[in-house]
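What follows is a set of structures to go through.
Note that chain A is present in both complexes that follow, paired respectively with chain B and with chain C.
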Partner chain A sequence: MTQTNPFIAALAQRGLQAVVVALIVGIVSFAMMQALPGDAAYRIAAGRYGYDMMDAASAELVRQELGLDRPFWAQLLQWLGALATFDLGQSAVYGTPVIDEIATQLGYSLLLAAGAVVVSVLIAVPMGIAAGLRPGGLVDRVSLGISILLRAIPAFALGVVLVLIFAVQLKLFPVAGFRGPQHLILPSLTLGLGLAAVSNRVVRDAVVEAMDAEWRLFARTKGLSARLTLVRHVLRNASLPVVTYVGVQMAYLIEGVVIVETVFAWPGIGHALVHAIFGRDIAMVQGTALALGLIYVALNLVIDLACRAIDPRTRAT
Partner chain B sequence: MHLRSSAALVAAVFLSLSQAFADTKPVTIAAPWEVASYDVAVSGFAIQKLEILENLVDADENGVLEPGLATEWAASDDGLTWTFTLRKAVKFHDGTDFDAASAALALRRAWQQPGILEKAPITAIEAGDGTVIFSLSTPFAALPSLLAHATTIIPAPASFDTDGKPVALIGTGPFAVEKFTPPQSISVTRFEGYWGDAPEIETASYLAAGRAETRALLAESGDADIVFSLDPAGFSRLSAVDTVKTTAVPIPRVVTLKVNAAHPFLDDPRARQALSLAMNRKGIATAITRFPESVASQLFPPALNMWHNTSLSPLKHDVEAAKALLAELGWAAGEDGILVKDGDRFAVTLRTFPDRPELPLIAAALQDMWREIGIELTVDVNNYSMIPQGHQDGSLHLALYARNYGLTPDPVGTVLQDFGSAGGDWGAMGWDRPDVAEALARVAATDDEAARAADIALVTKAIQDELPLIPVVWYQHTVSVAQDLENVIIDPLQRSYGLSEMNWAK
Partner chain C sequence: MSIVTVSELQVFAGDERLMGPVSFALGAGETLVIMGETGAGKSLIAQAILGVLPNALRMEGEICVNGRRVDTLTPAERAAMWGHEIATLPQEPWLALDPLMQAWRQVAETHVHVAGLSRPQAQHQTAKDLVALGLNGTEDRLPGQLSGGMAQRVAFAAATAGRAPILLADEPTKGLDSDRRDRVTRLLAQVPKDGGTLLAITHEASVARALGGKIMVLRKGVLVEDGETSSVLTKPQHSYTRDLLAADPVEWEKSEAPPRGDPLLIAEDLTLGRGGKILIDGLNLTVHRGERIACLGPSGVGKSTLLDTLAGLVAPMRGTLCKADGLGSHAVQKLYQDPPAAFPAHVRLGRSLQDVATVHRTPWDQVEANMVALKLSPALLERRPDAVSGGELQRLSIVRALSANPMVLLADEPTSRLDPITQKETMALLGQLTEQLGIAVVLVTHDRGIARAWAQRVLELGPQPEPSHSG
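Moving on to the complex of A and B:
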């Protein structure tokens, strides 16, 4: 076996993965946009000019301007060629550089995702540990009930309820928009509660499993106090599945919060992607999908590294 | 990496927040329309309403033209040359001078883009000495009205990069862009170098909130001071809230049914009259749009002054008369109650779109109402571009949409486009009335009020009698305004939010 630094190897592997992801995402999203029914020139003109000004003449101008009458492979090759120089092109609907749009919207999405994960971790970890230490106890049963209830409420309804309570009645936080940190609280809470409803059960199960493990009995037998066993061994072992799960949640959050973004008028990337698909904004769809694909790769890398830091066994080889 | 950019974003948000705290309370406006482009051909509607960029010609809330960036205008005797004299000592937000060259540049660009100028018989736009000169191929009296349209606002030359691509929103208006976060918000501050009276409001922001529930909650909580386009539930709820006042203003937008008059089932005016007679407009206006007084008795609503023809007899609801007309045309009920003639079932498809949430509901109501007279209707809810596309390729049977006849203070440009020869993407289809097209051409060419009135009466009567478009309901613009915000003028033409006129109660 050759001696490669496993850290470098992980980086190189993920780097290669990033290039492959970029190519596949670009080609697949292009092909999917081509396969959608309807005339792209008409759809783009509709997205640009609105129903009061859009007509067949504007659609023909769009077709000429964007070269939509060229064969699809010529359009794809042009995009790939530009990508090689890190140019994502311009939004077909808005005329602005795709990279600018993504930079703004991704920033807001990451902010909201981070807020939601923080809320979720702050609720789920203490609750999950408390429930996991006494499986079947009162805390466990009550938290299970609340989790099921929260999970059953659609994020949209939960958001409106939170707004009615905290913004309209108590006037603690603003309803929607994004002018200051106070605007982040209600959307983060809406998403975070939904996430915590699942992740507190993941934490609980991980703690239950760790508490039943033979190595815990060994630690106690060798004379470690209950508190030290919990902190040094149980929580460390239990955190592996939790960290992985939080990573999965983060990925889900970045792309999957369209409805919450719309309710709170938050300029995120999910909202942007949906609008781009409706408007047949091919460059925006490709650019957004590419950014999301690369973020997954980066998230995987971060989770790998985090698990490596937590679990010494993965570092031994 | 993302932590750092998030931290930077928080910092930026804080910074803009502290900047926003000027001396007077900022005004926040919430509406459903997103703004994402620097191109006025695309987002002119939002930019014009915020008074960031201005037109050569302005209009008051009654549609009367007023001087804007042009102080006066006149046509030559033959009507083929229009000269607009520009206001002097006007500065753009970047400090550069507004002059004939910048106005001509902006208008030439607007003329080459899809927009309102494209519809006028313009052959050239040139800069004169403190003037902009339009050359036309035929007289067109409504030209000044087109220059009040959102796509003819004047951006500074610095709004474009070296390739002529729009990259900024720099205008001459009383408010300048402070921060633009596409597609959701724009913050503006008062422009101290403005040529007109200085507004009292110092800062304002616009928030695009797509969901009607969100907008109603923004109004109720006081987060937004002016909220446009409320749904019926939100409107009635807000009417009971003390901190806001709600108003509904009739606007020249009409929910109308486009009929393919070349379709074999629909080519006789009696068939279209039957469709109209079977419509319970009162029911639709009461249950769906919730303004019973907005039943469309004819195509053009009273807000369109000259075009609203009071001598027309209103469209009626009479199911038996509808059935009689169809029987006259040789249709007889088949086994399942659907009409049959020469082996053909009376089955047609209606295209509509969900961007205006009431449209699919109205379509479903029509489906039910027409079933009663034996017509089988399939509703196809799709992208609205399918309507002009269906007009072009002839595949369209019926389409339901909301048409805005108040795009310009004088609607002749839009009417000409919709009912001129060969019809229009959003107007008549397969309807052959050369006399109507000629009358409209005469209306567009003259500003002689008496001659116009006679021709307009001919056009409105022809539309009412033969129904190439079947009007359903007129629109009401629903708005809520914070109780302590004064002098808020709701513009039925939707050209301005009136930021420069309003003030906080003292």
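Moving on to the complex of A and C:
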């Protein structure tokens, strides 16, 4: 074999992508922080000591300590140089290493994302298959209507609606925060419904296409039962576009994590990002944005590998 | 005792009768061939027996299989007969095989789930089947890695592994070159010899002749002639049967050689390949003004790649392609195999032609003159591609290609999807018109008869010695 192993090639490609993402995210988030109005030193001082305790002198101390008066490119180069040694710096507000902050928050965010994906799969797959087996039928039309409705509602509004119904009125689940598994349900549902609203239609289309395929009829006429044909041929063929689409949805998932965490005061990375922006905690903003970008790359690698596992054509030479 | 009995079968779409009435009875060891042009309703008979007529269609009459009336059964009861009592060979074997499953698994799963063998037994039997069909070495391949002929044999093994005594084969040789066609035909001819019952649908006289048995000739859904295959094929009574037989390219008259002019395209030491694999090595070819060249060879040998190279769409791996001076970038035009795929589906045909004529500043009179020469009615221009026949659409694509004022026309199996009578007519009109205009034609075909009768020069392409197979 003279050709590079396609598996290694995929890894190398994603690895390169990770480096590019790190550079772009770092530069863009830094530039956006610079573009925000107001004096960052005052905001940081307020974050450290509280609005009532700070004054021009403490802001000046912060400016000196963090070197905020240096030219922006010097600050950026310093961050990039530190990044090359895997050092994300310290939080400007708390003084703790950014990496420690992210390490705790990342676990919570991944828990929420996993919860959302589980919810969306549990809803989208059975619903999509049921709709796809009878296109134009009742399930198909009702699920289309619900999908459009759910997709049209922004995640923050859907979150508030779910809180009003299940937490405030029915008192089934807690409103916000995280102290136990029951706190996971409403945020996961908010995010998962948004994902399922589109992915159930993708599942449905994939099933319709597979059911119309000539190989499906041939599998039946050679004697396989409807159930065997579904299990042995239709599901595998139909899963391919669905898994590919889940990769596309990762962008929605990451965007959703930021919004949903903020709505539910979820102690994750998205919540931390929003908090850090308000506090002008530049190192935290860059660190959390970087973590989100790298998760995106990693998830896409997982999707690539899943597609390879399902589709033997990608493995053949 | 008869195994399949069909009495007064008719198929309707609304009030319009598409097919019938036809009646026949077939016993064990017997063969029935149904012949006729595309759209003659041949496939409807097989679909009615199997119970897979489209929902929009309605059948009348009676169908009995193994002494049991089946047309009144529920869909589930009919599906229970598939594979056990009736096996079906697909029309498009490539599309009939699961693209994600290895060839041997698609055969083995019938052995396990339909014939009820244990897994080791099924594996053993599958290996035996594939060797018997000359498919050793292809076990682990996916359908996309099989040739059309191989895919048809894999489909045959998968379809018959359930040991159903009745085999329905709907155009089983469609798109196969003559060697592979003969191979599949021999396979089918073996079915009645082993005590099975064969119902084969074809438009090819050579296939019908090899299968023997009885024959029914259908035209526009109506039975025009039936009898013993050998006598109907040698002494056809109906004029339509005679036309159908005369349309077999083997029977075509050799066309006169038009005068050959100056060289237009000169290819020297051309080496072509796809995906790193060499298909054609060191080919020299000169295309002269007004001449007809046929490229003949089995599927996958690089015929289409050669056309794409001559058209300048693909760069050769080695060698040079020279155009004569004064030959513009539109002087080489291409005709495609599948006319519906070559026209935008939702655009009026007139619009599609006008656009090309406008771009190339071709007077509309010239387009109309070409349409008259190809026997196309101007009324067709108001329609969309799905509202005209395949033959008309292919002739319209000839008109479209000629609107670019080409000097060379590259035709990639332009008639392989047309029925024989339409094929003969289309090739004759294409020959007349290009001769009149002095246009050279390079025809790609898998049919030796067409190549011999229609072209002055035949370029035979053989497979390159394949490096040892990996993966």
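Descriptive notes on the structure:
One rule holds in what follows: the second predicted complex is superposed on the first by the 273 of 317 C-alpha atoms of A that agree within 3 Å, B and C clash if a C-alpha of one lies under 4 Å from a C-alpha of the other, contacts with A are read in each partner's own complex, and residues count from 1 in each chain.
Methods note: a contact is a pair of C-beta atoms (placed from the backbone, for glycine too) under 8 Å apart; a residue touches a chain by one contact, two chains touch by 3 or more.
Everything quoted here is computed from the prediction, not taken from an experiment.
Superimposing the complexes on chain A yields a three-chain arrangement in which chain B and chain C fit side by side. Look at A:Gly223: by the touch rule set out above, it reaches chain C but stays clear of chain B.
When the two structures are aligned on the shared chain, A:Gly180 is found in touch with chain B, with no touch to chain C.
Comparing chain B with chain C, the partner in contact with more residues of chain A is B. In the superposition on chain A, A:Arg232 makes contact with chain C only, not with chain B.
In the superposed model, A:Glu214 makes contact with chain C only, not with chain B. Shared-chain residue A:Asn300: touches no atom of chain B or chain C. Contact with chain B, but none with chain C, is seen for A:Asp52 once the two complexes are overlaid on the shared chain. When the two structures are aligned on the shared chain, A:Thr244 is found in touch with neither chain B nor chain C.
With the two structures brought together on chain A, the opening angle seen from the C-alpha centre of chain A toward chain B and chain C is 160°, to the nearest 10. In the composite built from the two structures, the nearest CA pair linking chain B and chain C is 29 Å apart.
Common to the chain B-facing and chain C-facing surfaces of chain A is no residue whatsoever. Of all the residues in chain C, the ones that touch chain A in their complex are 50, 52, 79, 82-84, 86-88, 90, 92, 95-102, 109-110, 113-114, 142, 144-145, 155, 158-159, 161-162, 164, 470-471. Interface of chain A with chain C (complex): residues 1, 213-215, 217-226, 228, 232-233, 236-237, 240, 310-313, 316-317.
Across the complex, chain A meets chain B through its residues 38-39, 42-43, 45-46, 48-59, 61, 91, 93-96, 101, 104, 107-108, 110-111, 114, 160, 163-164, 167-168, 171, 174-181, 262-267, 272, 275, 278, 298. Chain B contributes residues 1-3, 5-6, 9-10, 13-14, 16-17, 20, 28, 30, 34, 36-39, 41-42, 45, 113-116, 118, 151, 165-166, 181-185, 205, 207-211, 213-214, 217-218, 220-224, 353, 355, 382-386, 388-389, 391-392, 401-402, 404, 407, 424-426 to its touches with chain A in the complex.
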